[in-house]
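Below is one structure, written out as structure tokens; comments come after it.
First chain written, first letter: the chains are A, B, C, D, E, F, G and H, and each begins at residue 1.
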Amino acid sequence: MAEQQQQLTSEDIIQEENLVFDRTQLLTDNVFHYCPGCGHGVAHRLIMEVVEELEVQDKAIGIAPVGCSVLAYNYMDIDMQEAAHGRAPALATGIKRTMPDKYVFTYQGDGDLAAIGTAETIHACNRGENVAIFFINNGIYGMTGGQMAPTTLEKMKSSTTPYGRNIKQMGNPLKITELVAELPGTYYVTRQAVHKPGAVRKAKKAIKKAFEYQKLEKGLSFVEIVINCNSGWKMEPVDANKWMDENFLPYYPLGDIKVPEKK
Amino acid sequence: MGELKLMKGNEAIAEAAIRDGADGYFGYPITPQSEVIEYLAAQQPEERTGMVLLQAESELASINMIYGAAGSGKKVMTSSSSPGVSLKQEGISYIAGAELPCLVLNVVRGGPGLGTIQPSQSDYFQSTKGGGHGDYHLIVLAPASVQEMYDFVELGFDLAFKYRNPAMILSDGAIGQMMEKVEIGEQKPRMTEQQIKEKYPWATTGKTPDRERNIITSLELDSAKMEKFNEKLVEKYRTIKENEVRYEEIQCEDADYLLVAYGTSSRICEKTVEMARQEGIKLGLLRPITLFPFPSQRLAEYAQKVKGIMSVEMSSGQMVEDVKLAVESRVQVEHYGRMGGIVPSAEEVLQALKQKFL
Amino acid sequence: MAKLQGRIVVDTEKCKGCGVCIPACPFDVIALADNVNSKGFHYAYMKNPEACTGCVNCALVCPDAVIQVYRKKATA
Amino acid sequence: MSEEIIIAGFGGQGVLSMGKILCYAGIVQGKEVTWMPSYGPEMRGGTANVSVIISDERISSPIISEFDTAIILNQQSMDKFENSVKPGGYLIYDGNGITRHPERTDINVYRVDAAAEAAQMETTKTFNMIVLGGLLQVKPIVEMDKAIEGLKKSLPERYHHLIPVNEKAIHRGTQIIQEVRKAKVEA
Amino acid sequence: MGELKLMKGNEAIAEAAIRDGADGYFGYPITPQSEVIEYLAAQQPEERTGMVLLQAESELASINMIYGAAGSGKKVMTSSSSPGVSLKQEGISYIAGAELPCLVLNVVRGGPGLGTIQPSQSDYFQSTKGGGHGDYHLIVLAPASVQEMYDFVELGFDLAFKYRNPAMILSDGAIGQMMEKVEIGEQKPRMTEQQIKEKYPWATTGKTPDRERNIITSLELDSAKMEKFNEKLVEKYRTIKENEVRYEEIQCEDADYLLVAYGTSSRICEKTVEMARQEGIKLGLLRPITLFPFPSQRLAEYAQKVKGIMSVEMSSGQMVEDVKLAVESRVQVEHYGRMGGIVPSAEEVLQALKQKFL
Amino acid sequence: MAEQQQQLTSEDIIQEENLVFDRTQLLTDNVFHYCPGCGHGVAHRLIMEVVEELEVQDKAIGIAPVGCSVLAYNYMDIDMQEAAHGRAPALATGIKRTMPDKYVFTYQGDGDLAAIGTAETIHACNRGENVAIFFINNGIYGMTGGQMAPTTLEKMKSSTTPYGRNIKQMGNPLKITELVAELPGTYYVTRQAVHKPGAVRKAKKAIKKAFEYQKLEKGLSFVEIVINCNSGWKMEPVDANKWMDENFLPYYPLGDIKVPEKK
Amino acid sequence: MSEEIIIAGFGGQGVLSMGKILCYAGIVQGKEVTWMPSYGPEMRGGTANVSVIISDERISSPIISEFDTAIILNQQSMDKFENSVKPGGYLIYDGNGITRHPERTDINVYRVDAAAEAAQMETTKTFNMIVLGGLLQVKPIVEMDKAIEGLKKSLPERYHHLIPVNEKAIHRGTQIIQEVRKAKVEA
Amino acid sequence: MAKLQGRIVVDTEKCKGCGVCIPACPFDVIALADNVNSKGFHYAYMKNPEACTGCVNCALVCPDAVIQVYRKKATA
């Protein structure tokens, strides 16, 4: 049997010097407007943690999309701009080209990036704009009430596919991330998730790389982050994460898709 | 006096952008204004001043590129012609809603649709009343010569930054393609980041400890706040109307009849005035230089004095509505227009005037 | 041998009771309270604080970033 | 004083640059100028024309339908512009490819076979300069040395080595007119 | 009497499209009108009538999808809200230029930019003066109830086909989201290809030996021909103005003062009229049903009789310009507006009226 | 030595029964407005030959782009529509969806299809619209005066890259054809040319397949046809074709990119 | 006769469907109805409200700021709408989660603890029907059988098996009010 | 043995003299005329008609579809 451990009291433990995890200072105090359990919050936090760790708050400029994360600027304590639906990569291009020493990133949903914004996405990637794109894939249009997104799975229900996505009629779930990986302008392309501790750790590393490569002027880093939209999927958050593991991630497998050949 | 050059209107715009110290141009080719980007490409503004040049994948992308750069306090512009400008309407509305300064050039061609590539003035409504959604206005400048194409770049940027409002140069194929003598100004330096930070504290240049984060947005979900913002815009437009009306008067002092025309039409009408005067008709020309704000008050004054006003436009009659709104029925207002890329001749304008009033 | 002991502090007013932290905890430390906060959410709490190792897993997945984690080495 | 000129021919005949040189020369002489081209979609072949105004005063309309002088380099342009010359005005044309020669008698008509001449001089690219020389001889709208200056200004630096051969062509153009005039007088 | 249903305005539009025998709907979600496509998706119109439903990748794509289908003589529609409609402007201009019939619904929200998702009427200019480039007009219908949302689908299609011109239903978030009782009509059959070929000989249905090929285009490089075409359009708009003006008059006969309002504002104003009448103020309401063509003549008639006219709009004042142009200064014209998604109350409208006129 | 052949006279040979190649009836009598030597004409002809051979004139509907071929409807004797710049696939979708028994195709330049029209191209392909896309790649914007296209090669000169396309600034030449081949909705993807007799024969076969697959409702066929834009490239036509062989085709190699797995 | 009602609470409490049932019932009785919801971006939680007008005549403005009756289901809504009830009007609220009870004395206030009741009945989803029953007892805006018909019409067929339990809840709501009234009288 | 002999007929008024047919001909049959047509183009003609086999290569590449090809079997 294990020997008896000293049992510390809460008071012993909850002391400033023992604090091992705290909300990053770069998140504002505003409460996220997201639904309970929504992955946007984690994605926000990780980006801000990276900005904090790299000490680039004064050089970071974020572009919020039109989508649930439209108000991202209420939470990220950095300079931000709100793009028109789908055009975040164009804004990022305009900013980065005129201020090459900034760290510029977009934060975009799957409707924003892979439907209306397809041209801007493809061409920013193809030009190899030296920015980071954080692509938040929840397989649905969260903000507008759960309509089909380009990434919605076959047979998956949404408010515009109430009987399930019919491939013949609605087309195929679009793996835009694999697509942009084909373009010479992308330097680093990866798919991550944030629904489990291990996934969160990896996602953060990926985000960090995206910033570091930007510093090295390597071109475009494209980091997909799969999250649940429990509201749009009409599930409880924990169930949604489970459904994601079982159904979504098999189609959109996690991991690096394009990594720099040599560093 | 500055250097004299023979330039196309489109080239003058491009040269003026470099010399005015612009930070960037983002555009997509379309006739009759592709010379703007071509001239810039030949000039390599990156090397001359560090100005950025990018051929975007579309008009949508280019308007949103300048949206981004303008949000960071940069002096940026785009240009296009009618169909391309229609594609920019959402972006323009966003820029107006985010209160950002920038310059958009429309070298108008005839529509609707693909229409013709020949000159037209049929985008007046779109430019002055808001082709995009929502209550907003652009500051609209209407050059009538290549020199003004050059000069209005600086003027447009100045007004845009003064009021944090997008400005438009509303030109047309004739002025874009034509060459005239242009007096070129000195090269102005581009603003440094430090200068931008000081002058435009709202710009997203990176949050520093000495200030709150800057947010560029046009979103406001709270209707009460949104209405406040709309009222602020209305107030801004009122100020602009008060302070920024520009027009030129040609032989107006003693005029019995008045032509109102801008841009290419006004050049034609200048000649019509000459011809009429030779015939002893006391004709004058009021040329609005700013289409928004429109010289309504000046027109209202003339409405007391003249016997008739004719709006001459290369359109089916758009500005004539603003003329009518200005003169409030105190005098007869007529419209004479040509369409489809056809520029009226001075003779036919005179003819029309006689027919309608004499 | 040293063992790590932990505690989490949940900002109960901001917790949305989504429950995502619960399966993330390897030691079944967390549960949702029967009580609700002013927003009507059943917030998370440590139903089993002694089991906590301060591994931060719960904090990593918390969508609202409302978990602080403390950890201390307990000497045997 | 104001001079209104139309120059019209095939695309590629140097119609537009002829106009530019005139304008630059005008500027050098302190005049006001406008240069208004026809334009269309980019295609090889097809016609091109430019109307040029050179004036002592501010130019009102740059778009005009009657001209003091017309320079016409192909049949289409002849059909289009012969009747736009003001009575008493000038029409200068290259006979190459012209199937219907000008018929008006109320204007001064000059034929300069510049294309043939340029071919003979083995500098087909200077064709338009020969025509220009002809124009300036017929009607000294700008002074000859100003025209040469205009030529320089309108050429990018990297083409400046071509100036002498162009100058030569301009002079050849003036000669031709002199010969034509002489012939006319003698006839 | 048809079946009575409780429906949202957006749902009524969708149901009406199916029942009117529409051939297709192509759209992109946006608040506050996503119920249109959602209702259709739930209804599976493919199975009910064979009507095609497609969620497009964007508003640009959807307007061009209906452009294509309309060119083949199909009865097709799209819907969006303000920013999305701005994106459609190029396409709308093309459709007008190609003289194709189709229906576009704008459930307006407050702008500019992303603005607010709450109801607004700030896209009046865009809709009636042409937000796209070139001289063209849409036929613009302004429903004021869910029943009219339903009815104007048929009316809009009918007018669109009658004049080969795009028609727009200009609604707003309030009417789109609100539920009212709707009388549902019979299911009309969709047209067969044979019928289309006979009725719309211009449609691209495949060239058969008995006719020349059909070409759908808005391009005309020859300015003289383009001008002819523009004149044809002007003439068409004149005919429309002559024949298709629609409006409703509420207590106008003996009115001393007139409110002019459309859509949601007109509902508010109806109540204002009731309230004013209770106070003994002889107030009437003229509700334009067609915004283009605008009931200018009727207003001009009232201008002779009433003491004042107030345009009530959820905007900074757009329709008021058309009111002024109509009455030609014969009577004082005022504007009262709210913005940012705020709907004025009947009380404040009455208050404003008193302040301006009494 | 070869035995003496009977030498026929021109009169012997030029007899109706000996006619082995004639301009297809489905080209109108209008003279192409294209520059001498421009490949658009061949591409037009081949499509019309196929329509003629398949006897589907009465079911064919073509979409012309905005580009040099904007007036394609003046030459092809079938019903046609003129799209807005880049939107031809959207028009095709609208037409085909509402008239599934027609043969619908777009004819688009590289600026039209791969720049402004990227989103419409990708999504029509991804949905597997049962139409054909004929993608005419000449590496430049012909109509507007020779500006850079997405497909312009590195270092290639154009009126907007007068010193040659600089990858760092202008981005990479975009292989959109390879990209759409990655999408499940495309059934047949190929790259052809029309500058040599053999290439013309192959291109025609590819075009024919595109129509046949459409009949079989296989989804989207994407046929790239590389042509010269001698005017934009500032070369004589024959030189342009040679330059194409030596420079353009090595980057855009001819041949099938995606072929049906089984027929 | 016209009745103007606001129903307000959290999203998910069935606020909107309560309004729908009332409207459908009104339609069945041949009345005019309008149902005007608040709307916003899609997020779980947050507040929702709908104003319903049921009238014998054509309804002018569907957007109103004063109500004959308010049904209030959370504190935010109480703060927002308590003062919007017309003097002499009715306010019905669920006490669950209410921290500040209504204070007006010029209106008729009824508390229906429907949430607690529904929990007890083990059919939390019928919470809103209990409230509806309460409303109809307080103020018979529509007849009870019409309300049941409205319920049927507003439910998609596939949910029709739920009608009995919902009916029961409505009746429970009427009972509660009867009890409350009795208590009031007895107090 | 049969040999194929051919002839082409160029619509000289519509030929644009691009010359693309010339390298396409395996037998060097075609050249551009010194004369021009009414559009000013040096049209294509058979400078070497006997060499033509009627292989249609020239017609295949002609951008303006102005070449007709005739072919006949010549018996030895």
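A few comments on the model shown:
We adopt the following convention: contacts are C-beta pairs under 8 Å (C-beta built on N, C-alpha and C of every residue); 3 or more make two chains touch, one makes a residue touch a chain.
The model shown is predicted, which means the values in this text are computed figures rather than measured ones.
Identification of common neighbours of chain A and chain D yields B, F. Path length between chain E and chain F in the chain contact graph, taken as the least number of steps between touching chains: 1.
Counting only chains that touch, the fewest steps needed to get from chain D to chain F is 1. On a Cα centroid basis, the chain most remote from chain E in this structure is H.
Separating the CA-averaged centres of chain D and chain G is a span of 87 Å. Between chain D and chain H the centroid-to-centroid distance comes to 39 Å (mean Cα coordinates, whole Å). Look at where the CA atoms of chain B average out and do the same for chain D: the two points lie 35 Å apart.
Annotation for chain A: residues 34-36, 70, 82, 84, 115-116, 118-119, 122-123, 143-145, 150, 170 touch two or more other chains.
Residues of chain G in contact with at least two other chains: 40-41, 45. Under the contact definition stated at the top, the residues of chain H that touch 2 or more other chains are 16.
Chains touching one another, given as pairs, are A-B, A-C, A-E, A-F, A-G, B-D, B-E, B-F, C-G, D-F, D-H, E-F, E-G, F-H. Here chain F touches chain A in the complex through residues 115-119, 122-123, 126-128, 150, 167, 170-172, 174, 178-179, 182-185, going by the rule given at the top. Those residues of chain E whose C-beta lies close enough to touch chain A in the complex are 28-31, 34, 37-38, 41-42, 44, 46, 54-55, 57-60, 83, 113-114.
Of all the residues in chain F, the ones that touch chain H in their complex are 3-8, 10, 12-15, 18-24, 27, 31-32, 34-42, 45, 194-197, 200-201, 236-238, 241. Those residues of chain B that touch chain A in the shared complex are 23-24, 26, 52, 54, 56-58, 60-62, 64-72, 74, 76, 90-91, 94, 98, 193, 204-209, 213-219. Only residues 33-36, 68, 70, 142-146, 230-232 of chain F touch chain D when the two sit together in their complex.
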